[in-house]
Structures are given as structure tokens and as C-alpha cells.
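Note that subunit A is present in both complexes that follow, paired respectively with subunit B and with subunit C.
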Partner chain A sequence: MNAGLDNPAVDELVRLPGLDEGRIDRRIFWDADVYERELHRIFARCWNFVAHESQLPRPGSFRTAWLGEDQVIVVRRRDGSLGAYLNSCPHRGNRVCLAEAGQARGFVCNYHGWSFGLDGALRGMHEAGVYDREPGFDRGALGLTPVAQLDTYKGLVFATFDAEAPSLRDYLGAFTYYLDVVLDNDEGGTEFVGGRITSVLGCNWKIAAENFAGDALHAGWTHASGAEAMLGRPVPSLGRQPESYHVSVNGHAWEFNLDTVGNAATLDDPVVLDYLRGRHADVVARLGELRARMVGSISSVNVFPNFSFLPGQNTFRTWQPRGPHRTELHTWVLVNRNAPQRVKDAWRKGAMMTFSPAGVFEMDDGENWEGATRSNAGVVTRRQPLHYGLGMRSCVEHPELPGEVHRGQVNDANQRALYRRWSQLMQARSWTELVAKDAA
Partner chain B sequence: MSAGTDTRRIVLCRLDDVPLGGVRRVSAAGLEPLAVVRVDDGAGGSVHVVSDTCTHEDESLSEGDLDGTVLVCIAHFAEFDVRDGRPLCFPAERPLTVYPATIEEGDVVIEVEQP
Partner chain C sequence: MTLALDVATVLEVHAFLAQEARLLDAERYPEWLELFTDDAHYWMPGVENRSRSDPMGSYGPQRMAYFDDDVSDLRKRIQRFMSATAWAEDPPTRHLHVVSNVEVEPGERTDELRVHSVVVNYRAQHDLDAATLYGRREDVLRRVAGELRIARRTVVLPHAALPAKNLNTFL
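Let's turn to the complex of A and B:
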């Protein structure tokens, strides 16, 4: 019996019956039983971002990463391929890797010396002779548990614990058209620079994810003082941009306009802007005029469920759930591999100034998201549904843009798309069941 | 050669059988398993022969990595310096036995005392 999975009240709640009228029940941001189901049906099931290939340059290079509250070690194996295993010893369950990242020959549990190779296989134990005399003891059956599937898309490494999950290409679907704006605007591809910045927010993970999925509205209000500080002027009115959109595919969401450098300008560094402007013709040749104007524009992105980034500022991040009211934020900075070093440095510093725990914009968001979560402690407050009703009739056909396209970046369409996918996954008993419904 | 003892000359393998920067496990009658180590010193390589069994647990060191002159056990990553056999980190606490080796006409040769 599991209070998250075998629970008719949760079944009803996660159907999100008001969604198509633009209403969401606040309890999905508060209830422990909903959260428990999310760990099973969202994080243990979806493709989760776990690393950039540039972070795993050599055999033995590793990083720890999270799929929900399950921690994995992602490692470059001796044969050069990538692997990912649960970071938990099959003997007594302790972590076998205590570092966030590094270079290792293998992983040894600190408790009893059980030792695992880069392939996850059990290599030795303290007092190995005693085990070897134990009838039926089988080293081969006691390696670290691997993820079910691991794959990459243009440098980004994803993993899933679900063997039934569709391939990564199918999971991303037509969203790769948009991902290429940041991952493939230069022939050299991309890399992460610097390390990981970690911070903790007292909010539900979905409040952060939906902000990046589609919340252009908050930019000019929440970040007004930050924009004044960095730009000397307010964020432009985004509701009047004639060419701006919400687009979504399979719950993945990108909101954007076509101003080319609006996000990048908030770094207040001419090195970044000169680089983007100088490359514009090349990017047009590579991706076409439309996508070239998305490269650093005022925009934000969430890859379902919890992998977000901002084109232009180039901050990449995951919102790691730590209970229904707590989120650990992990952030990195992405640059083009072939960019000059001073451009990479400018982006690394600019991202720190804007989107890091001490960045002028990051701080604004955390305050709001914590408030939006904590207010739901009130039992009467929780009865009031939330409004997600902007852009109910904004859906358009676009000659170039794939996916579900809505005109106007000040919109709730992407947020609804995210929660629609969330709802489908939370109801479905398996990927097979969900894929059958998608096809119908 | 001291009085009362004889030495026995043992050919372990051909030098060419051990890759530069690599390790080869060999056995010789009456001796524990041995590891022939060919350190890539940038000057054609130097050859060292040490006991092959990790002094922490019964593991073959020739299954492990060679990092310069450091031989690393595959089981718990105990490290030994192959030049003098000394343990470099936990869980190794006792040294490896070192067998002084020479190269004679392409053979790796040790001499051991024989009572």
C-alpha cells in the first residue's frame, strides 16, 4: 500500500479537472501524497538531465546527479562509453561516492569496503576471503544498479530508470528543433564552463519549472529593480511584442520573442553582445533567420520535468525535488566550445552576476516562489484554485514553428502544457499506457 | 655470493611480452605469483618485479592500473611503489616483496636464494 500511488483522492486531484478552464488546484504544490507519486511517476520514469558530456572528458571522469531523490553516479567507463548507477551500496545502502564530481578508478563504500569498478561491477570487499568461502555468494549479482536507459542529445546526457520509456529522441520529439538554437548554433557544439552552483529554495519544484516554461509576465515586474541595476532601464513591455510565442512539445516548453539579444543584454557585457551580433550571419546560415533571432532573446525554457535554461544568459539548471516544499537548485553555464576564451569568461561571470544565489535576478525569484509555496500551509487558502487562464485562445498554426504554438509570450499556455503532461504521467500506470493514449 | 647458500637464476618472460607502461603476471616454480612491471620512464622503460598479490586482500595486482611507478590494486585501490614495494595509501599497510631483476638477451631474469 502506497499513499501516493494507491489513493483515489490523489487520482482525482492529479486529473487536474479545471486545467482546460485555466484553473489548478493548489494542493498539487503542497500534498505529501502527490509528491510521493511524482517520485514514482515523474522522476523515476522520465528522461532526467544528468550531465553535459564536456564534464566527463576521460575514462574515470564522474559526476553525481539526481533523478528525483534517487542519486546516481554518471561515469565515463574504460571503453569510453557512459554509464550511470545508483549511488547506494547493495550491502547496507550507504553512498559509495561522496563527491559531486571528480576523477576516480572506481568507488569504494566507506562502511565495509565494498568496491565497485567504473562499470559498476563489484570488485572486492573488506575480508573478501570470508565472502569467497560463503556458499552461494555471487559477486556478479551484486553490482551497483544501473539506470534503465542513458542517451545523449548534442552534448546533453539524459537518463531514465524506466525501461519502457520511449527513446530520448522520441521523448524530446520536435523539441529538438528548438534545442538546436542553443546546442547547435555553432559547428563546434557546446560545453559547460566552471563548476556547479548549488542553492536551496523553500518552494515546490514545479513552481520553479513552470516559471522557466513560460512566465515572461513576471520578468518586468519581479525583476524590475534588477533590470534597472543592470541595464539602467526597465524590462521592455513583453505583452506588445508582435512576434513572440509560447511553444510546447510533450510538456517541454519554450517562451520567446525574436529580439536576438534581449536576455544576453542583461549580462551588461559588450563582449557577449559583440560575439552574438558578430555570429548572426553564421547562425542564420546554420539555423535560418527565425531561430537565429532566438539565440539570446528574452526567453526561457523548461525540458520536462525539471531541466531549465535561459538562452542569452546561458544559465542551465535542474530543480531537484527535496520534499514537496523544498527544491535544491543546481546551475551551470553553457558556452560554445569554439568561442574565444574571453567570451566564455564573460558568460561565466555574467551568469554569476545575474542567475546565481547572489545574482540580481535569482534572488528576486526565490522570494516569490517560497511565498507561493508556503501560503498553501493554510487549509482554507488551499481551497482557492489558482488562475492559469491567460491565452486560452492564442493557439496558432505557424509555417515554421513545430509543436503547439501560441502567439504572445505573456501567456499561460506553456504552463498549462507542462501541467497537462504532468497530469497524464501522474495518471498513467506505465509509459506503454501513456504512449498508446498519445497515439490515439 | 655468501657461503652456505646458492642462488637460482629464473627466466620469467621475454621483455617484449610486457608492454611499456604495463604489467604481466608470471608464475615460477616454488615462488609466489609475481608481477613484471615495465615502467615507462621516457628512456626505454625500467623493469621491476614484485609480488603480485596485494598485501591487503588476495587480489592480483597485475589486474590493476600502473600509474608511473605506482601499481594500483583493482579491488580497493591500494597503491604500491614498484621500485621498493612500499605501500602508499590505505588499505595497504605492508610492502610488496621486491625481486631485483635484470634483462639478459631480451629475457627478464631474477635470482633467488636457494637453501
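Let's turn to the complex of A and C:
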């Protein structure tokens, strides 16, 4: 029995009956049974971001990553292909890899010396002779459990535990048109700068994910002090941008305007702006005029369920669920591989100055998200629906932009799209069932 | 040696670090910034959980850092703290910076000292929101116009994951 899966009250809650009227039930940010179901039906099922290929340069390069609360080792195998396995020994369950990243010839469990190759296969163990004399013992059946599917999109590595999940290309769908804005604006592609910074927020993971999916509204208000520090002026009124949008595909969401460098300008570094201006004609040639104006514009993105980034600031991050009221934030910085070193340095420093735990923008987010989570401890507070009703009639057809397009980046359309996808996955018993519904 | 390692100098360093901690506790950031030389570098690298045998080490230059700042970068951060619209700073955080394990060594230049210390930062906000951070510092202090100034500070945290939602102070 599982209180998250076999629970009619949760069935009813995750239908999100108020969503089309712009209402969300707060219990989805608080309830432990909802959270348990999320681990099964969102994180064990969706394609999760696990690494950038540049972090796994050679055979034996590895890093650990999370799909919900399941940890995997992502590794470049001897033949150059990528693999990912549960970081848990099939003997007694201990972790076999304790470092977050590095270079290895294999993985050995500290407990009884069970050892595994880069392909995840069991190689041997302490007192191997005893096992060899054990009738019926089959090493071949006892490797590290691999993910069901692993694939890359232009440098980003994703994995899913669900064999039924659609291919990564189908999962991302037309959202790749948008992803190319950051992943393919230069012929050399991208890389992550070295390092990784992690912090812990006392909030539900969805509150962070939906913020990046669509919350342009908070930029000018929450981050007024950060903008003042970095730009010497407030964030411009985003509600008055002549051309700005919420777009979404399969719950993946991008809010943006077409000011080209609005986000990038907050790094307050001429090296970054000169680079973007110098690249503009090339980017237009690669991606067209419209997408060239998205490269560093005021915008934010969430790839469903929990992989977010900011074009221009180039902070890339995952919101890892750690219980309904706690989120581990893992962050990296993306740069174009062919960019000069001083440009990469400028982005590394700028992203840290703005969006790290000590960053002048990020510092203000955690406080709000923790408050938005914790208030729901109150049983009466929890009964009050939340308002997600902005832009209910903002849906438009656009000659170039694919997916569900809404006019105006100050909008709740992307947040509703995220929760619609969440609701579908939380209700569906399998990917097959959901894909059949998508097609119908 | 213009800076002999006599008792008076060691005491001066202790007093300097205690005064600095008091300025941080009181969020007197502009005065705190005056303790730095114009060419100062303030670095707090991100810390990774890597194996002992990994030549990368757990931190290093050119990698992500909480701070990799010159004085103008520090000034921007302080500008945010001082802003009336820094909503997350009101009600204010109540800070304590505890500095200990101070060791004073000769510096590379005759007007400089190398100073090791350990810092513990306790932050409390609202009723029970609290975070404790630890760091090991290595400072280069320089004598400028008769006063000690921080020319370089490296703070290495033991935390590979920051056990807090933000780092709204300096260590």
C-alpha cells in the first residue's frame, strides 16, 4: 500500500479542479501524500536533467545526479557512450560512489567490496571465492540498476527511469525551438564552467519551478534592490513591453520579451554585453531575428519538472525535492564553448554575483518561497485557494512561435501550463495512458 | 621588516579582526568595506565533494564561487543590503561573527602579514529561522598609512552544500 498512490483524496486533489478558473489548491505544496505520489509519477517517470556533456569529457568521467530522491551515477563508459545507474549496491544497498564527480575506473562499495565497472556490471567482491562456490550465484544478474533511458539534447544529458516514457525528443517536443536559443546560438555549442554550488531552501520544489516557468511579475518587485545595485535603476515595467510572451510545450515553459540583453545587462559587465552585441549578426543568421532577440533578454525558463535557467545570466539549476517542504538547489553556469576565456570568466563571476546564494537577486527569492510554503501549515490557511488567474484570455496564434503562446510576460499562463502537465502526470497510471490522452 | 611579529602586532591583528566582526554584526557594511585595500580580492570558492585522489581538489580558481570579488563587486553587494527595497532584509537578520584560532605569520611583502583564522557565523531571523556557517580564512593584511587593511581574503567553507537558503552576510 502507498498513501500517495492508493488514495482517493489525493486523486481528487491532483485533478486541480479550479485550474481552468485560475485557482490552485494550496495542499499540493504541503501534503506528504501528494509529495510521495510526485516521486513516483513525476520524478521516477519524467526525463530529468542529470549533467552537461562537458562535465563528462573522457571515459571514466562521472558525476552523481538526482531523479527526485533517487541518486544515480552518470558516467562516460569505455566506448564513449553515457550510462547512468542507481547509486546503490545490490548486495546491502549502500552507495557505491561517494564523490559527487571525478574520474574512475569503476565503483567499489565500501561495505563488502562489491565492485562494478563503468558499464554498471558486477566485477567482483571481497572473498569472491566464497561466492564462486555458491550454487546458482550469477554475477551477470547483479549489476547496478541502469536508468531506463538516457539521451542528450545539444549537450544536456537527461535520464528517465520509465521505459514507457516517450523519447527525449518527443518529451521536449517543439520546446527544442526555444532551447536552441541558449544551446545553439554558436556553432561550437556550450559547456558548463567548473564547479557547482548547492543550497537548501525550506520550500516546496514547485514554488521555485513555477517561478522560473513564468513569474516575470516578481522580477521588478522582489528584485528591486538587486536591480538597483547592479544597474543603478529599477527593472523596467514588464507589463508594458510591446512584445513579450509566455510560451509552453508539454509543461516546459519560457517567459520572455525581445529586449535582447535585458537579463545579461544585470551582470553589469561590458565584456558580456560586447560579446553578445558582437555575436548578434551571427545569431540572427543561425536562429533568425526573433530568437536572436531572446538570447539575453529578460526571461526565465523551466524544463518540466525541475530544471530551470535564465538566458543572459546563464545560471542553470535543478530544484531537487527533499520532502514536501524542502528543496535542494543545485546550480551551474553555462557558456558558449567558443567564447574567449575572459567572456567565460565574466559570465562565471556575473552569474555568481546575481544568482548564487550570495547573489544580489537570488538572496530575495528564498525568503518568499519559504513563506509561501510554510504558511500552509495552518489548516485554515491551507483551505484558501491561490490566485493563478492572470492572462486567462491572452492565448494567441503566432506565425513563428510554436507551442501554447500567450501575449504578455506578466502572466500566469505558463504556471497554469506547468500545473496542467503536473496534474495529467499525477493522474495517469502510465506514460502510455497519458500519451494516448495527449493524442486524443 | 617594517612589521615585526611582536606581541603588539599580534594583539593589533586580534583587535582588527574583532572590530571587523563587530562591524559585520551591526551590518555597518560601508565601514567594513573601508577595511579593505583598493586592490583587495575577496574569494569564497564553492566546495565540491570530491575524492582525496582527485587532482581537481574540492575547490580552485576558475570555478564557481560564492564570492570572487574586487572592491567594486563588494560595493554592489553592499548597495543591495543598504537598499530600502531589500525586502528579505527586513526585519533584519541578527548576526554573530565569532573569530577564533588566529595565527599571525610574516607576509610575502615586508608591509604585509599572513593571518589565519576560523570564523563562525550565526544568523537568526524572524522567530526561529537560523543558520550557522563555518569558514576557515586566510587573509593578507597590509599596513596602509599606518592602519591594517585586508588586501586578500580567502574563506573556505566546510559545507559542500550551503546549509541555508542564502548567504546574506560576509565571512
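The rule is short, and it goes like this: the second predicted complex is superposed on the first by the 440 of 440 C-alpha atoms of A that agree within 3 Å, B and C clash if a C-alpha of one lies under 4 Å from a C-alpha of the other, contacts with A are read in each partner's own complex, and residues count from 1 in each chain.
Assume a residue touches a chain if its C-beta (ideal position, glycine included) is under 8 Å from a C-beta of that chain, and two chains touch if they have at least 3 such contacts.
Fair warning: this is a prediction, and the values are worked out from it, not measured in the lab.
Partners subunit B and subunit C, brought together by superposition on subunit A, fit side by side with no clash.
Shared-chain residue A:222: touches subunit C; no touch with subunit B. Once chain A of one complex is fitted onto chain A of the other, the partner contacts of A:32 are absent, as it touches neither subunit B nor subunit C. The partner of subunit A that touches more of its residues, comparing subunit B with subunit C, is C. Judged by the touch definition given at the top, the superposed model places A:281 against neither subunit B nor subunit C. Once the two complexes are laid over each other on the shared chain, residue contacts for A:123 go to subunit B alone; subunit C is not touched. Legend: residue contacts after superposition of the two complexes on their common chain; A:268 is shown touching subunit C, with no touch to subunit B. Applying the stated contact rule after C-alpha superposition, one finds that A:353 touches subunit C and leaves subunit B untouched.
For the combined model, the angle formed at the CA centre of subunit A by lines to the CA centres of subunit B and subunit C equals 80 degrees after rounding to the nearest 10. When both complexes are overlaid on chain A, the residue A:201 reaches subunit C alone and has no touch with subunit B.
Once both structures are overlaid on their shared chain A, subunit B and subunit C have a minimum Cα-Cα separation of 12 Å. Common to the subunit B-facing and subunit C-facing surfaces of subunit A is no residue whatsoever.
Put simply, subunit B touches subunit A in their complex at residues 57-59, 65, 72, 74-77, 91. Considering their complex, residues 105-106, 108, 113, 115, 117, 123-124, 126-129 of subunit A touch subunit B. Subunit A meets subunit C in the complex at residues 98-103, 193-202, 222, 224-226, 228-230, 268, 328, 331-333, 345, 348-349, 352-353, 356-358, 360, 362-364, 366-368, 370.
Against subunit A, the residues of subunit C that register as touching in their complex are 44-46, 48-51, 54, 56, 59-60, 62-69, 73, 76-77, 79-80, 83-88, 160-168.
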